[in-house]
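Read from first to last, the chains carry the letters A, B, C and D; within each, the first residue is number 1.
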Amino acid sequence: MLQAARRRVPVVAGVAATTIADAVAQVKAYEALGVDGILAILEAYFPLSEDGVVAYFTALANATALPVVLYTNPQFQRSDLTLPAIERLMKVDNIRYLKDASSDTGRPLSIINAVGDRIRVFSASAHIPACVVPRQSVQLYDLCRAGKWEEAMRLQRSLWRINRVFAKYNLAACIKGSLEIQGYEVGAPLPPQTPLSDTGRTEIKAVLADLGAAPIAPPAS
Amino acid sequence: MLQAARRRVPVVAGVAATTIADAVAQVKAYEALGVDGILAILEAYFPLSEDGVVAYFTALANATALPVVLYTNPQFQRSDLTLPAIERLMKVDNIRYLKDASSDTGRPLSIINAVGDRIRVFSASAHIPACVVPRQSVQLYDLCRAGKWEEAMRLQRSLWRINRVFAKYNLAACIKGSLEIQGYEVGAPLPPQTPLSDTGRTEIKAVLADLGAAPIAPPAS
Amino acid sequence: MLQAARRRVPVVAGVAATTIADAVAQVKAYEALGVDGILAILEAYFPLSEDGVVAYFTALANATALPVVLYTNPQFQRSDLTLPAIERLMKVDNIRYLKDASSDTGRPLSIINAVGDRIRVFSASAHIPACVVPRQSVQLYDLCRAGKWEEAMRLQRSLWRINRVFAKYNLAACIKGSLEIQGYEVGAPLPPQTPLSDTGRTEIKAVLADLGAAPIAPPAS
Amino acid sequence: MLQAARRRVPVVAGVAATTIADAVAQVKAYEALGVDGILAILEAYFPLSEDGVVAYFTALANATALPVVLYTNPQFQRSDLTLPAIERLMKVDNIRYLKDASSDTGRPLSIINAVGDRIRVFSASAHIPACVVPRQSVQLYDLCRAGKWEEAMRLQRSLWRINRVFAKYNLAACIKGSLEIQGYEVGAPLPPQTPLSDTGRTEIKAVLADLGAAPIAPPAS
């Protein structure tokens, strides 16, 4: 991925682990490969105390000079980042971003009110998989930055169809399948996750085509 | 409440029931009292099928000529309004509004995309109890209508403190307690719900004062 | 129901309410009708503190001289009886029974260990609707009382088929439908709960027949 | 552990993975070490279809000649074994056991009724950590095998205190801490899981002593 990026865009590597030791080893390996940042995920089997959660992200960030993004998704992770935990983690210098995928309207507001002057908050609650509609996602970002909120809302509403169709199938299969439709040979998800079905592929292809995100020219394979 | 309103603002009565018969009786009683609309809530003990949910709201709306607001709050209700159920309920003429308190960022978007040309959608996910900050809430609405989104966001961020402090205490106690602070003698919540504690009262009073929503003149007791 | 029972068996009336006032009114009405006991359920819309939960059941029990059964079913009720709440409620003289429908293997053990010398605990976790297999349920009870655990287990395993088939359909519909199959004209569940489908009726009838719980003689219609 | 066991008791290794490839690699490594069986856990991040779940356990079992225990614990795992999935997995020869830690009273009954003639079912719902009370657990097993159900129940009730005190602290910390109390130098749980606090240690030590499971002689440190 670093070779494909050729430093034209920053590459942020995802780290997910159950133990601090494993997380730190992953961080060091990614840093050695030359990534530009770390997105940090905590996988838990048994429930963890807030102290344990804070210890995990602190140790992970201390293991690298790279900037770190905290990632929180209560739907898929067993241990959520509470607001007090986030406030404590603000003392770690290189924790500089937070990606909130909670779906909860008010949570980004609470986070921004609490620590918004210290870090940058990504609201992943928009739930539109940017990697399969990259140009449209940049356009959405630019419209918001320019304060063109009505145009942004119109674009968000049209892009929302991807979210709806992705919700019908396995998420990893949808991402992989969309990229394959667009000509990127990324293969199927790792088993036991199942690949996109033919029905899913047809439906997603139609949505991507409507949004101008399916390939017009033959894919650059 | 109708007497207090003196027709200066519309009064919308909330109906919540487990059976259709009870809901219809409540609707007819409120209509006889002269309310301007019905906010319809489904209380379920056993899980209900989508057919049952649709039958409930349809029967309730058919029992009155008043406009009906569907209300959905998956946190407090056992039976949620699915998107297909909402689409089926669009065939009922006097179902004209939907208040979504799901907290889910994307859900209002899905609803608006599906039925937004047919009904008006209230996003209760803003989670700011308008009844205790009425002037500020109207101001927030006006700013949004005028497209002044940055000012609206600043106001929303400051009002958000009410949501945070309400989340620390029992919701009914907070509403009742805030209104008492403002000089409205509404009494305590119905037992076994507990009234606002002294600590809660002090904390909420300070937030309301900061927002210009505590009484300046002595309350009209 | 009292007329049908003709005092041959005790009749225990279920009380479910959101407010103490409503619960107390129900209790007094049932007591006036001559029931033998009260099964007490707490319906909550907003979450309740433990103090609120204890206040509800205490007030309800204080309103009557009848013995009271606490009923807890975390699947269908929004407010659960915690172990500390149960321990506090043991100070109320006429709270003499607890019916636990938590499905949790260990919970009855925790309750019995904590308060088992003070009240009688019904484990509703067996989840076999006794009212549609009354003779078999009494037989199961007698086998357990006699310490014939292996026979009891064989019977429980055969009766378990009712639980499995009930789980496929709406519970109220299954109870009502089973009683209708057995010749008791109890009618359909209150709408919006839907009556038993023809498929459900056929399937349940076959299970009841296998268990010797379908009518042999024509129903006494 | 294999060295410690010296073949006096069988050693069953736990395998937990997100991908089939990782699970198969773990299985082969454990088989090479000489374990006697595999306890198979599925860790999922995104939700999995039933086909995916069945594929995971099938591939894992096909990778070894050792007997396999399916392990299901809906509290800690994101993907549960449904009854239809269990029935499909019965076609795999060396899947010979199932350990159900669902806490649900009825679930073992459903499983035994469906596949009880094909595999052995362990009910982990008893929730007493046998490794810290091994003699008492064997005694409980022997009493049940002998049909001495009342004695077994008395023992289970006394052992239940361990479950209650473990529920107050982090589970891994309790297991490790109990073994340390008993003189086994197993160390602390892997961070970010926190070790047993002094309060927890004191409380657990008292319970173990009451049950005759704390060391009488000084620990063999």
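What we mean here is this: a residue touches a chain if its C-beta (ideal position, glycine included) is under 8 Å from a C-beta of that chain, and two chains touch if they have at least 3 such contacts.
All of these numbers come straight from a predicted model, not from anything done at the bench.
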Co-neighbours of chain D and chain C - touch as defined: none
Chain whose mean Cα position lies farthest from chain D: B
Copies chain A and chain D touch via same or different residues, half shared test: same
CA centroid of chain A to CA centroid of chain B, Å: 33
Computed distance of Cα centres, chain C from chain A, in Å: 48
Centre-of-Cα separation between chain D and chain A, whole angstrom: 35
Junction residues of chain A, two or more chains touched: none
Chain contact topology (line, ring, star, complete or other): ring
Pairs of chains found to touch, sorted by chain label: A-B, A-D, B-C, C-D
Interface residues, chain D side, partner chain A - complex: 16, 18-21, 42-43, 45-49, 51-53, 55-56, 59, 76, 78, 170-172, 190-194
Complex contacts: residues of chain C adjacent to chain D: 103-106, 109-110, 112-113, 123, 125-127, 147, 149-150, 156-157, 160-161, 163-164
